[in-house]
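There are structures below to look over.
Both complexes shown next keep chain A, but they swap its partner, so chain B is in the first and chain C is in the second.
So, the complex of A and B:
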């Protein structure tokens, strides 16, 4: 009886401590976000008009000027450019990743192991290592100041991260493919009619990750886009004047909204995709 | 089956080609506009010569754009040169875009407006064209000191690589409506109608101390006098330059970057004064905090006065007008009141020779003072070496530096022009700054690439000296107790700059 009571107390203490730790961790992560959200509603626009942590007065001016005062900082245009790059990178990148992963997963060909090892090693290097080379290549191809150049680079680099998708395709039973082949389907049909319908979670996961990278990237657009009209949101926000903090905060919050909505809307697919892809490496 | 594969391969190749066809160049840069111009700019400013319009890409500063001056300049130029087939457009790049990085690849502007140190750094690496300055409309009415900011000597030959537009120097900003009510009786000993604290540094110190001592807030953090980022060499330069310090010496009429003079003369006294003033500020003076919050803090009255450059006047104005709007004034009333109350004047002209700011100015004789010397710069236009339209670019610079455009620039931006004829009719402040430049009270930033190396070493040491009073307040041992410590600090700046230029860079 005493032991039972002891265990109950231990469980209770464990629960309380766990929740306390979780609350503290949540607060640590949530507080900077809350601070930025409130700063985006600051009336004065300055980071130095804070009463303690938070602005002394609030208004929607930051968001209003973000979309109306476009003479110096054309946020709607930056948003349009970002959307263009992200959507096309996502479409092309997803196609390439899925094709790569499917090929590596389903087909045996000479050099396959070497290719897998090479891509694994290459993907370990941070992408900014090759920035100077990328810049010179883009200059020589006449692709500076082109949104398509970003799409090209993001899409071309995407297949390097095919391992999660390959892991997912590995889980699809080979007998399904054999049955399809016996029914006369060729490779393309098998991929289109059998693999893709079975891979919806993985497609969504891949498309989302391919969308999120260009959506928030700064280094590459800053390197390749010299013309202000072509800037993406990340580049534009970084070039805001030091006195424009509220506009910066509003811009940073607003850019996060679509991606948050997408993640929430597709979270079911996302969780399935991640866990399924993690079954095999 | 094989046929089908071929079709698939062909379709894929077509799709790839279609995607890549959208990747052609349309950047709108000096190089590609050159391609369309077919040999323009070979000694004539008559457009492309084949009916095509020559497009000049001009890089201006953001303030000129935000107040609308740049658009007026472009419109005026384009109207004037429409029949000659020349059109100027905004280069539409970041105002600090790197010409050395983008120019050689054809993505830089044709004409750029920059500070003299920046422009001459480019010039030293041949990214900027040398100009025949005597052919410019502004030549006669621009003082030699301003031209010298863009002078470069190579193998005994002198070249000029920029055309001056305006003078930049640290200025004192304050709110007229925050002046003490009794300044005429209590703070104007010589009864000349100018408060003593705007005439000499000792009285500015005294008034700042008075404000700190009478700060009504419990934390004693709501009321400051003079505030500046004391680690900022450009803004805090008067403390050293006024006492005999210099940046680079001269050898045979050429800047000698081996002769670094931060410790020259009585600069140690100036550094003592800087330390003394830091005690009346908050810890924001040891880094960039005050530089960033000065607009807000001057507007809300926390700072009585602060230091900044003339081109930031519109930022002070915006913030002050915003404060008045918060107090309930209409937009028009707020703007008018801000215009009326925001004042921009030169820094106090007299600094104590011994560096002791606490001495009573009334007890000091003329020999106890030294003239305040500030670090300044000259902003101007340069022409990129990579332009395909040299003559047209020069024509644009000539047009932009004529009387009418400079006058308009002064009226809209409140800058201090280098043209004497415009300075004469542009009010007291512009005229005074112009006179200061002509009389040598503005020490121009050296126009050599090595000047890039002076900022970090000086910033580190000046910030450390400014931190000393806060060490004392925290019960720690101060690092800079006497004149010798100050001299050592200045020698450290000299040594670190020398190493950065001549040792580490090799």
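So, the complex of A and C:
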């Protein structure tokens, strides 16, 4: 009897401690975001006007100036540039990744192993090393200050991360393809009529991840876009200092909200996507 | 002697012709379109070699001999362009060699078909068949070309740069030269650079281990916590880390910079309590800045490893735990003996990538303390990792060749580490144990 009561007490204590830790951890994750959201509704612009974590008065001024006061910081233009780069990188990049992953998953050809191994070795080079070289190349060929060169670099680099998609295609049984082949469809038709419709969820996932990457990248645009008119949101926000804090917060929230919604909509996929990488190595 | 000779197939004239000049054999067999195409490629290649190729290859070795002189009006050689054209020439020659091989294979196949008395397919039909049979080649052509141009070419270029004296004062129009291992010698022996390199390397290694450890076990712990039976509303609790995961990295990092800045809320409360403001990220912040870096990195990375651990834990065999608790194993023993081996086994590859990712973590200190140069460091500060130093060297200060050498050293360290861990890991040794 006493033992049982002791046991129950231990369970209760365990539950309380668990919840306590959970609340603390979740607060740590939530608070900086909440702080940024509140700051974006601050009435005044500078970080010094905030009373600690909280604005002294609230208004929509931050968002209003973001879109109307474009003399120094042209946020709508940044947004336009970011959208341009992200949309086109996503379109081209997705096509290339899907093609690569499908081909490597479906066909056995000479050089396949070599191809897979060389992508592994390539991915071990610090990504930054390639980027310095890309920068030097672009400078030498006069391709900096071009949004298109960003699109090219993003989409050309996309096939390097084909493993998740390959893992997906590996699960589609080969007999479907064989049947279609017997019916006389050539490989291109098989890809269009069978593979693509079957891989809709993977297409969506790929397109979104390919979109999110340029959407939130700062290294490449910062390197290649020296011209103020061409800045993307990431580059622009980096140039805002403490006195423009509300503008920063509003701009950050505005660009983060779509991505956050996408991630929540896709949170099931994320787990499979991340663990697919773990499984295949 | 004669018998052996007759047993061997005699090489026919068209095959010999194609071995010498691409396409001529096909023409002899009246395959006009194919023959002329091969011939055109052959002619084009010869023209390229004569007009540019040979000069470009030589140029890659000399890197230019004539320096531009505006007073005399001489147009000098641009060493960087010459190196790039040299790389391009090597690629073209490799491509031509591949086409030559396909030409030889093609004529041999045709030859065999004719000997066997089979009819030859027409050009367009043959092309169609080829494209279908070699669908993988068609499909991969564009991705591979893209990766070659935007990933392989820059890396090759950077590797070559590491062995030149490009950068500093020596940028075109001045001539660049090959200097062998000088850059590596400078990094490893020259006083100012050497000191910086080893100090940064030491901190970089500590950082990589600490950050990987914190992120990995933080994520695993959080996943286990959320997996507990007593936790109700798992989806609700999981929302918070996913929220942190979804906010773009640069926003998080900039927000943390503001959080710890002089005007930030933390300093507000410190000054309100009557103390003087603390420069958390100032140049003399020392250990404070490093700890903040670890914290910020944990904030951005723990959600990822939590999602990963959740996925893996959901694949676990729960019977093991029941058996263990019947045998009287404590919670801690169960964790050490069952959970940990399983999770570590299935995540070894991720652990490796996360280690190299942390080793090369550019963002955290770029945003928190970018552009600080400290006394006693050559263009770096005490929180900079090698990758940040690389950025300072090559992008901000034009020390291209030293930067390239540093990046090769980073590559050597990370790849050696990954390989040795991977080969030793149980995931590699006994792939089938848990499957």
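In the analysis below, the second predicted complex is superposed on the first by the 233 of 281 C-alpha atoms of A that agree within 3 Å, B and C clash if a C-alpha of one lies under 4 Å from a C-alpha of the other, contacts with A are read in each partner's own complex, and residues count from 1 in each chain.
Rule of thumb we're sticking to: a residue touches a chain if its C-beta (ideal position, glycine included) is under 8 Å from a C-beta of that chain, and two chains touch if they have at least 3 such contacts.
Please read all numbers here as calculations on a predicted model, not as lab measurements.
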Worksheet item: Between chain B (first) and chain C (second), which does A:129 come into contact with in this model arrangement: first, second, both, or neither?
Response: second
Practice prompt. Give one of first, second, both or neither to describe whether A:152 is in contact with chain B, with chain C, with both, or with none.
Written response: both
Practice prompt. Classify the contacts of A:72 with the two partner chains as first (chain B alone), second (chain C alone), both, or neither.
Written response: first
Worksheet item: Taking the superposition as given, does A:227 touch the first partner, chain B, the second, chain C, both, or neither?
Response: first
Discussion item. On the A-aligned overlay, A:188 touches which partner chain: chain B = first, chain C = second, or both, or neither?
Written reply: both
Response to the item:
Of chain B and chain C, the partner touching more residues of chain A is C
Item to complete: Look at A:100 in the shared chain and tell me whether it touches chain B only, chain C only, both, or neither; answer first, second, both or neither.
Response: second
Worksheet item: With the two structures laid over each other on chain A, which partner does A:256 touch: chain B (first), chain C (second), both, or neither?
Response: second
Worksheet item: Regarding the shared-chain residue A:22, is it in contact with chain B (first), chain C (second), both, or neither?
Response: second
Worksheet item: Taking the superposition as given, does A:42 touch the first partner, chain B, the second, chain C, both, or neither?
Response: neither
Fill in: Common interface residues of chain A - those touching chain B in one complex and chain C in the other
46-48, 152, 186, 188, 242
Practice prompt. Using the touch definition up top, name the residues of chain A that touch chain C in the complex.
Written response: 11, 14-15, 18-19, 21-22, 25-26, 28-30, 32-33, 35-36, 46-48, 50-53, 96-97, 99-100, 102-104, 107, 109, 115, 119, 121-122, 124-137, 140, 152-153, 155-157, 159-160, 186-188, 191, 212, 215-216, 218-219, 223, 234, 237-238, 242, 245, 248-249, 252, 255-256, 259-260, 262-264, 267, 270-272, 274-275, 277-279, 281
Worksheet item: Of all residues in chain A, which touch chain B in the complex?
Response: 43-49, 57, 71-72, 92, 139, 141-146, 148-149, 152, 186, 188, 226-229, 239, 241-243
Response to the item:
The chain B residues in contact with chain A across the complex are 1, 4, 8, 19-20, 22-29, 62, 65-66, 92-94, 97, 102, 105, 107, 292-293, 295-297, 300, 315, 318-319, 322, 326
Fill in: Residues of chain C defined as touching chain A within the complex
80-81, 84, 131-132, 135-140, 142-144, 146-147, 149-155, 157-158, 161, 222, 225-226, 228, 230-231, 237, 239-252, 254-256, 258-259, 261-265, 268-269, 272, 299, 303-304, 307-308, 310-312, 346-347, 349-350, 353, 356, 360, 362-363, 367, 387, 390-391, 394-395, 400, 403-404, 407-408, 410-411, 414-415, 418, 427
